[in-house]
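The data blocks that follow each hold one structure.
Shared between the two complexes below is chain A, which has chain B as its partner in the first and chain C in the second.
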Partner chain A sequence: MLGALACLVLLLIGTMVAMVLYTAWPSFRSNGLAWFGAGAPNQGQLDDIFNSPANPAAYQYELRAWPMIWGTLLTTAGAVAAALTISLLSAIFIVEFAPPRIKRVIEPVVRLLAAVPSVVYGLVGVLVLVPFVGNLLVSERRKAEVQYVVQLTGDSLLVAVLILTFMITPIMVAIMVDALRAVPRSWMEGSAALGVNRWRTIWKIGVRAARPAIVAGVVLATARAIGEAIMLAMVSGSWFAPNPLDGFTFLVEPTRPLAASIVFYLEGRTVPPLGQTLAAIAAVLLISSLFLSLAGWAAKQPLKRYGIV
Partner chain B sequence: MDPLTPPHAAPLPPPIRRIAVDRSPTTVAAPAAATNGHGHGQPSGIVGGGRHAQRAGRAGVERMRLEDLSISYGRKLAVNRVSLPVRQGEVLALIGPSGCGKTTLLRSLNRLIELTPTASREGRIMLDDQDVDRMEVTHLRRRVTMVFQQPNPFPMSIFDNIAYGLREQGSSRPRREELEPQVIDALERAGLYGEVSENLDHPALRLSGGQQQRLCIARALAVRPEVLLLDEPASALDPRSTARIEDLLVKLRDEVAIVIVTHNLQQAFRIADHVAFMYLGELEEYAPTDQMFGAPRTQRSRDYVSGAFG
Partner chain C sequence: MSVEAPNRALGDAGPTRPMESSATWPRADRVGLGLAWAAGMLLCVVAGAIVLYMLFRGLQYLSFELLVTRPEVANDQSRSGGFLDPIIGTLMLTVLGTIIAAPLGVAAAVWLSEYGRPSWLARLVESGIEVVAGTPSIVLAIFGLLIFSQPLFAFLSFTAEGNAVFGRSFLAAGAMISLIALPFVVGATREALNAIPSHVREASYALGKTKAATIRRVLLPAVRPGIGTGTALGMGRIAGDTAIPIALLGATLQLQAVDGPLGTLRGTGGTLTTYVYGNSPAGEGNAPEKAYAAAFVLLLVVVLLNFGVDLISRRRQVTSWTR
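What follows is the complex of A and B.
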């Protein structure tokens, strides 16, 4: 019974993947590997695709998706790195140091935060953070200097990463708290009994033993960050590839990651070449999440041997 | 074999009189005076009379001293005003029925009890005339290390288990080649090296229970402690592993002061030089092993060592 159900689920997933790939194929075929490269601005390309002539032979497909890929990489890596640090420290604090009174408050709050819909975070971003960055963090002078290259409105990489971090941290904290709590006391005590101080014990024994769960948390959070569309569409700005060489301005430059881009052109999906292009973007997201799971699995392997599962 | 059958070991202790309580005669003649020999059915390896022959006249140097030590969990008193010396060159066994506070007492010696939030302590514990409360706790625990009832090797390789304490000691990160002599030495002292010399990189958790426990002893010895605490180290092990560990402790007692909790009277008799009998949190009797098993002072000790209860 359960086996049949599992097969059904697998079948559904398989069908979905096949469908996405099949739909996406014309876009990839037409662009070749250049699909992943850089080139003209994405906005113009996507508009051209949207405005394709009705004649299938004249469909436009040209897309150099790098700015979107770069946007996804930046927002995801930034948010996951920040969230990993914050959540690991918070989880250690909650499990090892927080007085019971604080624990009783903090834990439900964390679990609640993990369940807040992303659109709510997006709204907070639009209403609070974007104006803050746009009006206070970026000087008018700087805006004027770069206005022919990019508009610095406050919709930015910085806001995107901040909110994304805030969005994925609670889940990671929840997972890590459970993992750290599951580390056998006897290991922690064994370490303490050798004269190893508390912090080192937590780090070398607790975190190490909890590493598979930490990896799982990171994978989950990364998947959520890669796939986050609505919130990023609200706060991250237009298609642009932020340039790290721009110094501080890099952070306040806009970007539009892959998933958010789909949202923007969803209405145009009935134009066949655009629908196929969106499917191609979806396929890239799908495949990266597959690789993500694989990487997570691989990261756990070396520890298994020593009895950490 | 009846687990309470005493080893025919020492020439010294006289047979214990059966106590005249109206209980069925479950009592066993205690460590009987017998000829030297190994006819006790245990796997060979348990050191016999030779060890006990040395017992007479052993006068260890006092390393630790408990003064009026009391420990409570919340309002529950677990150890009540115990005073005891711990000497180097001898094995001190803590015996007593379960729940009498042996583990609690042992864990207070290196202040591991402080990891239990509800526990509170009164009285003094001195290590070489220095109050342990005045010492840096990590420093104290390096000098007074502990082996637990359940073997608890870390989920790492054998090598890393032993090297763990050494690596965490210094501020620099010594390389493997620098640590190897110390790791091997610790494994040798714990009598494990011969079995694992080929596979130092194997996971420690794949070892057998007895090997794991000796690994834990090696781990505790690697940091060169002055006092070694063991909480029923053999209770989860088979007789053969138990025998090996007992041997080991007897060999080690000249280098480190050893305190072992055991609920196995034979074990206490076999390896201890002094025995402390605890009952409901109080120290009922503290005496040289021969006296404890031969001529205990109090009625309760007499009942206990003769196996009448517990």
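What follows is the complex of A and C.
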């Protein structure tokens, strides 16, 4: 009886994967592998899909989703790299160096950062950081130079990565702190007894022993970053594929990742081809997060030996 | 060089521990130490900045009137009303989601911890819950739209002309959003169950209780704080989620009941999150003052739920099993 209830979860995941993929199939079938490729701007394509004729035989499906995928890759990679650095250092700080008084503050702080709703992050981003970047970081001259290609309004990759970093840092910190705390004490004491200082002890013994946790943290944080939709829809700007060759401008160029794109076209989903295209975007996100979750679950398994997680 | 045994790492730093001075360390190690401090402080500063900024804006724009007037569609911000309906919407959605998630989550956790046979199925369910936790809420929202527009679920929302099922209602959104809270309930309940030593179960069996009675009379009362912690965390997540209400609730300004029984629950509405999104420059309303005020209320709710977790988990430490 209880087992049957628990198995509902499996049934649900099965239904979800099957249903999303089934709905998405026309979009993938019609585009083939070119779905993932580069091509025309996504906005025009999605608008064409939205304006498809009512006749099912004439539905538009053409989509080259690379700009959106590129946006997801950029924001995710940037945020995960930044968050990994910050969270590893702060996990070391919390476990090893924080005076008790600061420790009492910083642990609720990490939980708070995890608890702040993404729409609040987005609101602060769009009303504070975006105008700051748009008005102060980008010169008028640079805006004028590129205005025929892209509008630099401050809705940018930089703001998106910055906020996303602080949204995923708490996930990593929580896992890493648990793992660092669970490193067998005798290992650390053995190192200390050899005259190794506290920094080297935690760096060479603690962090190495906690490597599975670091992997698990990165994987789970990546899953979160890929799926973040609302905050990115608010701050990352319009359709564009930022080009790393643009130097500093690359950072302030707008982008629109996969998840954020779904939010923008949600109202149009009653048009069948657009609904199917949105399901196709969702399917890409679903499959990626499925693999990441399973990878995170697998990465956590060695930790269970120490009784963490 | 000091060879003081550093007895940290387990969180039980003694009261009078002589500190090893970092002044004698190689430069690379001192840089590392400095970076660790900087990272820790950075987190505090960012969290503090967000909270203080929202507090400042919230107190600046929030008024009692906003809390008790219904929102209206108006270009003129002095006539667009407050956010009473979104507050009620958030409450209803959170309660609905919790009502679904808590029993399911507790059942799944009890099964995983106390039965868990066959073990391959238990592992499968366990990883399944991880998958649910990792699925982006926008994907859950799309899935919800697909499944709740099926004629089978017509009773959850209203049916438009031509038998098209709308698929957007409090019931539909509540059912889907409960999945966000589920992993938190399961996780916290399992953790609490695993913390109960096996001799407690054995004592109950020795008194002739069956396994089911042991679970109901001994284990569940003991893990109530754990269930509370998980549920409160899950409620915070539900209240803070935006993608599912936007997709599955219709994100309307006012609550719009449909005719028939459970009209409001089968109708559409909005929550604080959709209200904030709608009034941000990214949405249609573009009234930052109201967005700030609503976001402040939202943040308050979420922080209070988190603070509640603190209270519960502090009380939990009082319960200890002795031999």
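Methods note: the second predicted complex is superposed on the first by the 288 of 309 C-alpha atoms of A that agree within 3 Å, B and C clash if a C-alpha of one lies under 4 Å from a C-alpha of the other, contacts with A are read in each partner's own complex, and residues count from 1 in each chain.
FYI, contacts are C-beta pairs under 8 Å (C-beta built on N, C-alpha and C of every residue); 3 or more make two chains touch, one makes a residue touch a chain.
Everything numeric in this text was worked out from a predicted model, so none of it was measured.
Among chain B and chain C, the chain that touches a larger number of residues in chain A is C. In the superposition on chain A, A:Val116 makes contact with chain C only, while chain B stays out of contact range. In the superposition on chain A, no contact is made by A:Ala34 with either chain B or chain C. Applying the stated contact rule after C-alpha superposition, one finds that A:Ala209 touches chain B and leaves chain C untouched. Once the two complexes are laid over each other on the shared chain, residue contacts for A:Asn197 go to chain B and to chain C alike.
Judged by the touch definition given at the top, the superposed model places A:Glu189 against both chain B and chain C.
Shared-chain residue A:Phe166: touches chain C; no touch with chain B.
Once the two complexes are overlaid on chain A, the chain A residues touched by chain B in the first and by chain C in the second are 189, 192-193, 195, 197, 200.
Of all residues in chain C, those touching chain A in their complex are 1, 3-11, 13, 20, 22, 24-25, 29-30, 32-33, 35-40, 42-44, 46-48, 50-51, 53-54, 104, 107-108, 110-112, 115, 121, 124-143, 145-147, 179, 182, 236, 239-243, 246-247, 273, 276-277, 280-282, 288, 291-292, 295, 298-299, 302-303, 305-306, 310.
Here chain B touches chain A in the complex through residues 110, 112, 115, 138-143, 145-146, 148, 150, 152-157, 164-165, 168-169, 203-206, 216, 219-220, 223, going by the rule given at the top.
Residues of chain A that touch chain B in their complex: 184, 186-187, 189-197, 200, 204-205, 208-209, 303, 305-308. Only residues 2-3, 5-10, 12-13, 15-16, 19-20, 23, 85-87, 89-90, 92-98, 100, 102, 105-106, 108-113, 115-124, 126-128, 166, 169, 173, 180-181, 183, 185, 188-189, 192-193, 195, 197-203, 206, 220, 223-224, 226-230, 233-235, 259, 262-263, 266, 269, 275, 278-279, 282, 285-286, 289-290, 292-294, 296-297 of chain A touch chain C when the two sit together in their complex.
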